[in-house]
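For reference, chains read A, B, C and D in written order, and residue numbers begin at 1 within each chain.
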Amino acid sequence: MADIVSLREAVAAHVHDGDTLALEGFTHLIPHAVAHEIIRQQRRHLHLVRMTPDVAYDQLIGSGCVTRLTFSWGGNPGVGSLQRFRDAVENEWPHPLEIEEHSHAGMATRYAAGAAGLPFGILRGYIGTDLPNHTTTIKTVECPFTGEVLAAVPALNPDVGVIHAQRADRHGNVQIWGLLGVQKEAVLASARSIVTVEEIVDELPPVAGAIVLPAWVVSAVCLVPGGAHPSFAMGFSTRDNAFYKAWDPISKDRDAFTAWIDKHVIGTADFAEYRESVGF
Amino acid sequence: MADIVSLREAVAAHVHDGDTLALEGFTHLIPHAVAHEIIRQQRRHLHLVRMTPDVAYDQLIGSGCVTRLTFSWGGNPGVGSLQRFRDAVENEWPHPLEIEEHSHAGMATRYAAGAAGLPFGILRGYIGTDLPNHTTTIKTVECPFTGEVLAAVPALNPDVGVIHAQRADRHGNVQIWGLLGVQKEAVLASARSIVTVEEIVDELPPVAGAIVLPAWVVSAVCLVPGGAHPSFAMGFSTRDNAFYKAWDPISKDRDAFTAWIDKHVIGTADFAEYRESVGF
Amino acid sequence: MADYTTDELMIVNAARQLGELAASGHGQCFVGIGLPSTASNLARRLYPIAPVLIYESGCIGSKPTRLPLSIGDGELAETSDAVVSVPEIFAYWLQSGRIDIGFLSGAQLDKFANINSTVIGTYESPKTRLPGAGGAPEIAASAGAVMVIMRQSARSFVERCDFRTSIGYGDGKGDRERFGLRGGGPKWVITDLAIMEPDPDTCELVVVALHPGVTREQVIAATGWAVRFAGDLKTTAEPTDVELHTLRALQAA
Amino acid sequence: MADYTTDELMIVNAARQLGELAASGHGQCFVGIGLPSTASNLARRLYPIAPVLIYESGCIGSKPTRLPLSIGDGELAETSDAVVSVPEIFAYWLQSGRIDIGFLSGAQLDKFANINSTVIGTYESPKTRLPGAGGAPEIAASAGAVMVIMRQSARSFVERCDFRTSIGYGDGKGDRERFGLRGGGPKWVITDLAIMEPDPDTCELVVVALHPGVTREQVIAATGWAVRFAGDLKTTAEPTDVELHTLRALQAA
């Protein structure tokens, strides 16, 4: 059953050095505040999993929290490269980053298998590409009825699934709407889960397109308004496209990056202070 | 792109003798009106597929339209046996009925595989039961990563998927809410599809818990208010539990059944007349 | 103390067991229609920490105000915390091992708690064709524990099921492990005469408690195998007025 | 006739092709972000029978009023006929073969229309680490046909990709069939200089049309393989005022 606690408490209780973490969000509802708290609490040797690692993961990688990344698309959406990710892969800064690379369809299949308690999932994928030559977690399986050969990928079952959502009620039932990405799968596939929300209400009002994750599949719910910034929460905020563009020059330069993290993340006590310091 | 036509036209155009049909609905939104029109147009040698064959399938079987049934639970929900189904299996009346029997989880997996364009699906199922001894479409597959053995079932890809929904717009986009069952999968897995709706509107208003099937995955949309009766359409009608109870004595007796079908189905021109004749 | 029927005894005792499980933090219950649904809804009304009712129709956390006739009554969807598709309820919620209790009934039960809901007689030419498996096989395989509620008779409680629709302990101890099943299997069989539990050494069902006024002879006569009784055979508590009034109000609604 | 840029030529010609496909009833388009999204949204505005825009973020039938910066802009969800989960969009909508056109771009394209969006240099020690595969491999595999839109240069149009992220025709004719791919593969490569299509006999990309004012020499210089030209080499029509005004209004919004 979900505990409603501060983000500091949730990260301290559920995120440990060496854990496999999935902070999911498909452009929408990216749990940036949790990434910042993980940097503040200086977690190390994390294995990060995500379909679309973007600025939040760039910050975790550049801050030296990450030794391994499993992903399918690592970029700054609509802007270009993920500079800290590139620097880690190309120049091993701040240290080497081991990568496990898939396609979106493969990662989605892996999360779905994880949520469903299956050891693997199947898809029509990867065939004819160079990915299987470099990624050991892509194999094949033969259809016992047609003999067709399909791609097989192992289930993803992170230690901690982390998402940002619009709302929770006081029991910890979580309501999400708009682009849903793989957030439900990430929570259900993980042993533990942290959900930051824009607001906590007495009753979840019906919302078109919304799904509800019952409190008993969530470990911790934290009230963190704006916790997705520069990503957004439909109904509460819009995507801060200017921030994504501004991130490119900051992240291109190691010193500029470090100064930014020191000032806005390490130098702030929590996400509320971060909001003041970056001014949104 | 969906054509908006009469149910008579839709069945004439899309349902042929010998077709494999899935009239889906999980207690909610069962497409009874389409079953009646198939009986009126005297389709024969149909292979019916459904997780929960109930009164509609009992009527199709008793009317001699069906030679094969693939299913996982055949009963009169909350009442008891499906008498025409039993008479066909136990006494080959009106003629022998070939059955292919699965579990709900297996059937759901088969529909999902069909909708996803996969030749088969996997699940943790059937193990230790007698079903695999009698159903040839249950095999096993080994996980290429863990070596675990899982059940494998072939995709379901009916010729025609048939559902009842609350609404469509004038383009043929279909809106469904409440218990969704496997209706989306049944439509997406089928080569053609017929959707009966309670109303056709200019614009689909947002509804909490609703999904939309775009017009381009639907073959025909037919306006048939109450078309699920004695099943129901959330927001439009409630389940006619009395009818399900009344069906038991009618269906127990071959003559009573035949008389009922002759009077209320064969003897009526369409679903509107059927409604008058049974008085709901 | 009010009069009560043997069905009421059965339902009340099942509800009590569910209440205990919910209180111990294992209250996620995948509910079959009929007796399991009645007992689950009774438990929801009786206990402050209530079981979470999950139906195969996709309803999670249903709080129906009246007993549903079918697992798809609108009432279930309207009162649920979440409604998901049928493929999802089986894959993400049951198969994944999130369910504490699978609550089943059936037409035949054998001494190793295997359940038959498919055919009486042979599969090829059945004496009675039953509705079939539904969700039961995977509930029996994947739920953390299984509770069975069934009216007891020598015809329904048999040495070996005519058809094994849902596995209990197969042919005895070790079979579930051999099959690699993740769920714990049947822990309680609650009938209108008694409560049975699997013998820890053999997994054969033994009678651990009789309902008030029920004799060993009645149970032996109503069991199709040479049924054994626990050394410390108990008698279940009489239904309380609250239990009976709540159940009757529920069934009258 | 207004002035225009080579980018505008490229985008307008892609939009025209999409318009033709939509008019012929094959308008379900799985859209990558960037140039494909710009061209698709232009086509939606230009043609009465518009393509249906499908984004990997789960948006089906999006009608954005302004160009999204990312495939997850709120605008996309708010203006869609349906929004589904990411696992669903890939399984039920792309893999199932429901998509007519996969619309892609990339960092490198080779003469058999294979695409690289993973690394420049070797995988182990890349010269440039690119974002990676995203949805492209399965779009290239499953879409009925693929359209590629890319700025052309000798560095980006290469004999063989450093890394094969998404398959076009592999090593040539017959490879797609050998791999059992269900989609038809790349049919059109639209660049800022020309339009290429696969040779029916070899599947090698050949130039079928040059944009107005572009010479064969320019194309040869901007292609990393010994590029061939179709016998009936055409010149694409000048962008119309309507096309240019619509595109500029879209990009200004």
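The working rule: a residue touches a chain if its C-beta (ideal position, glycine included) is under 8 Å from a C-beta of that chain, and two chains touch if they have at least 3 such contacts.
Because the structure is predicted, anything quoted here is derived from the model rather than measured.
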Pair of chains joined by more contacts [C-beta pairs], B-C or B-D: B-C
Between subunit D and subunit B, distance of the C-alpha-averaged centres to the nearest whole Å: 40
Whole-Å gap separating subunit C and subunit D, where each centre is the average of the chain's CA atoms: 57
Centroid distance [mean C-alpha coordinates] between subunit D and subunit A, Å: 29
Junction residues of subunit A - those touching two or more other chains: 112, 117-118, 123-124, 148, 184-185, 209
Where subunit D touches two or more other chains at once, by residue number: 91, 95, 142, 182
Pairs of chains, among all present, that meet the touch criterion: A-B, A-C, A-D, B-C, B-D
Complex contact set, residues of subunit B against subunit C: 26-28, 51-52, 71-75, 77-79, 81-82, 85-86, 89-90, 101-105, 108-109, 111-112, 123-131, 134, 148-149, 178-182, 184-185, 209, 232, 234, 238-239, 241, 244
In the complex with subunit B, residue positions of subunit A that touch it: 117-120, 122-124, 137, 139-146, 148, 150, 152, 154, 206-210
Subunit C to subunit A touching residues, read off their complex: 25, 28, 52, 60-61, 81-82, 91-92, 95-98, 142, 182
List of subunit B residues in touch with subunit D within their complex: 1, 112, 115-118, 173, 184-185, 188, 211-214, 216-217
List of subunit C residues in touch with subunit B within their complex: 33-34, 56-59, 68-74, 76-78, 83-87, 90-91, 94-95, 118, 123, 126-138, 141-142, 163-167, 170, 175-176, 179-182
